[in-house]
Amino acid sequence: MTETTEFRPVPSDLGEHELLVNMGPSHPSTHGVLRVVLRVDGEKIVGTEPDVGFLHRCFEKMCEGWTYPQIVPLTDRTDYLSPMTCELAYVTAVEKMAGIEVPERAHWLRVIMAELQRIASHLVWFGSLGNDLGATSPFIYALREREHVMDLFEAVSGARLTYSYMRLGGVRQDLVPGFADKARAFLKLMPGRIREYENLFMKNAIFLARSKGVGKFSAQQAIAYGASGPVLRASGVDFDLRRDEPYAAYARFKFDVPLGSHGDVYDRAVCRFGELRASLDIIGQALDGLPGGDVLVKVPKVLKLPEGDAYSRVESPRGEVGLYIVSDGGTSPYRLKWRAPSFVHLESLALMCDGYMVADVVANIAALDIVLGEVDR
Amino acid sequence: MLTQLGDYLQRLFDQVHLAASGSAFWHGAFSLGWGLAKFVAVILFMILNTLILVWLERKLSARIQTRLGPMRTGRPHGWLQLIADTLKLLSKEDVVPRAVDRPLFIIAPVVVFSSSILIYVVVPMGGRAIVADLNIGMLYLAAATSFTIIGLLMAGWGSNSKWSLLGAMRGAAMLISYEVPMVLSVIAVVMLSGTLSTNGIVAAQSHLWHVLVQPLGFLVFLAALFAELNRVPFDLAEAESELVAGFNVEYSGLRFAFFFLAEYTNLLALAAIGVTLYFGGWQGPWLPPFAWFLIKTYAFVMLVMWIRWTLPRVRVDQLLAFGWKVLLPASLVNLLATGLYVLLA
Amino acid sequence: MRSLIAIITGLWSVVVGMGVTFLNALRRPVTFQYPERYYIPLEGFRGHPALVMNPETGEPKCTACQLCVKACPLGIITLEVGQREDKKRFPVRWDLDFGRCMVCNLCVEACPFDALVMSPEYEFSELRPEDLTYNLERLKLPPEGFDASHLDGTVTRVTFGGDGK
């Protein structure tokens, strides 16, 4: 009988009735390669420990070797379910440091793309929430609607996932003819489908029982743990970067920001669901009032940023994506730090899971909406 | 023409039976032969229908999700897909992990599969087409369905894996808890029909289906059915997205095929029982009884699949709370009401 | 009493959900039956970088200025420069390691002569990894934008804004 090797020794304070269960890196519900080590007492969870790093691809180190324009497609691949907001975070930071003035139309296009991206990302979130909780049909319906957004993005940027659409100084190209019509058709289609999702899943008694009161996260805890985005708003803290610290053209738009109160899975779900509707509203306003003009200003081919540092943050569907660039005057950043909201939220997973049951871990991870690409970078 | 053929076969059967009843030896041989023939027929029927059910599930789930389902293996609508899947499962390597409890691990699929087959003994498929018209049919059914729990626990414990253990414990708790409301609602039907035999229950519905007299009992039975079948919303034993594959996580190849097919065999059998109890069994105008049996059973199966693809999964404590605090009182109320009705009517 | 109402509302929500699934079952399936129907992407689709041909000379427009080589973040383009009789530079060898290409479009944007575009091809499977290193011949852009010789069934040309796939 050969010896078994253990990656980590069993903790010495493991109680008599406790079991150390490994929700391993390959698991249908961990939204990627995430390992969560659970200490369970029967079905009750006594301890949670997320173990990340399986998807680490040295993103921040690679950025130190690439020039500023070259990093744009790289940022797509951190949060691969909402690349537009990642690119937006990056170009906002670099333009802030370099003092590049982006034309007005480009700002509006960036808003349109970011909001379309928010819808696409929230559809994936909704689908995986349904799938993790056992209902496969909402998953397929959500992805079916997301295809429309993918078609729009494919028309304007040429790809369906890694768009590489934003550039330093604007966006890559203007809207193709027919984009506005197809986008408006999508805007007309979605409210009916959202109502369907509500009837099918969000108002379902089983979902309500699975999500109300699960993973409570108070406002003080949310602020202390650095939560942002829908997770923060579900706990009752009314803070939305698009409204409170507007970037791109967000200052022009009026939109709802859904707020929760208990900070449980249900509130997080309702907040994200409400954001779907708000995004449709913003896109409608943006398409109506789109100004004319250029979409890209000329930026020197070899771009050197002045020495110094800058931090910029945007509201991605997951929360606050922050970018801290330190420049030493060269063509590549000296240091680029990517503040990923999913990574920050994973630290609060232990708080949300302890005392609940094994099935609630899955619901909590689904409601946090983490993407391992940005957790591990 | 079919009835003529049936009458001819019946006369032939009676002749052979008469000839064999002379000596004890030939009578015994005849009974054995007839039993074996029925057994083989039922097994063939079961296998064929299981394969059809798997295909139906995939196609129905696809249509519900506005997609097409299997289309290519077997050009029109992928009817060869299931044969391909079965062949694939059969050709896989038989992996028995080193640390498992070998006897339990190997026998568990057989136990689970055989408990599904046992139900077919009392399923009435037509006028006299039934394997054995036991006069304690429903009691036998309650006993046969309880077998699954043992197989489940054997699989979960024998796999020597924490995930399968969790799945098996949940599954066992669920199956035991939902036996009680199911049996209570069956008792109410038995009280209405006055007999435990399945053919007798079908005969008692010649004027009025039981589902119209006992809607509450039917709902309780339906909820308990999902628990017995291990299907969403009550598929805790095998919750795919939480426990990877629950109690059958360590199984692959033919053993997994046993579990997989056992689930669909169980589905068909319990759907047939549900139709017998509540929807009048094989009775109906114009068409031969066997056709009605198939139509009603498949309609019931499609209802079960429709619910499966709509609902999310409940958590285990909510499941047990629902079973004991909601279904059990409801089935008791149903039983009381039925008793009063039978007494007064 | 309250729990009875909760049960009834719960049951009703289940029934409503089943209604939604039923309605969806009646919709037309959205599956796109590839390859019986072949999707031709829009013009800006990023397939693989392709060399635009000069219609008069039949040679690529590329002047081997190496700007794409510098722009590529992964360094997968290899160029060998040659010179013609009229002192015009042309690429003797233009290799692209497509196995590592991330289709980011930076090389296309760097080219000052519009000699590089992204072709709308999307069927790239090869049997050997070595075949994924494209050479000059493979990278020439066909006249219609993509090589349609292998298509024999129904070809669905999808225009953006028209009927979906």
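Just so it is clear, A, B and C label the chains in written order, and each chain counts residues from 1 on its own.
The working rule: contacts are C-beta pairs under 8 Å (C-beta built on N, C-alpha and C of every residue); 3 or more make two chains touch, one makes a residue touch a chain.
These numbers come from a predicted model, not from an experiment.
Engineer: Count the C-beta contact pairs for A-C and for B-C, then tell me which is higher.
Structural biologist: Between the chain pairs A-C and B-C, A-C carries more contacts.
Engineer: Closest chain to the protein's overall Cα mean, using per-chain Cα means, please.
Structural biologist: Smallest centre-to-centre distance to the global C-alpha mean: chain A.
Engineer: How many angstrom lie between the centres of chain A and chain B, each centre taken as the mean Cα position?
Structural biologist: The separation of the two C-alpha centroids amounts to 44 Å.
Engineer: Just curious, how far off is chain C from chain A if you go by their C-alpha centres, in Å?
Structural biologist: It comes to 26 Å between the two C-alpha centres.
Engineer: So, what's the distance in Å between the C-alpha centres of chain C and chain B?
Structural biologist: For chain B versus chain C, the centre distance works out to 50 Å.
Engineer: In chain B, what residues contact two or more other chains?
Structural biologist: 64-67, 309-311
Engineer: Residues of chain A touching 2+ other chains?
Structural biologist: 137, 141, 144, 200-201, 204, 206
Engineer: Among all residues of chain C, which ones touch two or more of the remaining chains?
Structural biologist: In chain C, the residues touching two or more other chains are 11, 14, 17, 20-21, 24, 30.
Engineer: Over in the complex, which chain B residues touch chain C? Could you list them?
Structural biologist: 60, 62-68, 71, 219, 306-307, 309-311, 326
Engineer: Considering the complex alone, what residue numbers of chain C touch chain A?
Structural biologist: 6, 9-11, 13-14, 16-17, 19-21, 23-24, 30, 41-42, 44-46, 71, 73, 102-106, 109, 118, 160-161, 164
Engineer: Which positions of chain A touch chain B when the two form their complex?
Structural biologist: Its residues touching chain B are 19, 21-22, 27-29, 43, 130-137, 140-141, 144, 200-201, 204, 206-207, 209-210, 357-360, 362.
Engineer: Residue numbers of chain A touching chain C in their complex, please.
Structural biologist: 66-67, 69-70, 72-74, 137, 141, 144, 147, 151, 154-159, 162, 164, 172-173, 176-179, 181-182, 196, 199-201, 203-206
Engineer: How about chain B: which of its residues touch chain A in the complex?
Structural biologist: Chain B residues touching chain A: 61, 64-67, 162-163, 166, 170, 232-233, 235, 239-242, 244, 309-318.
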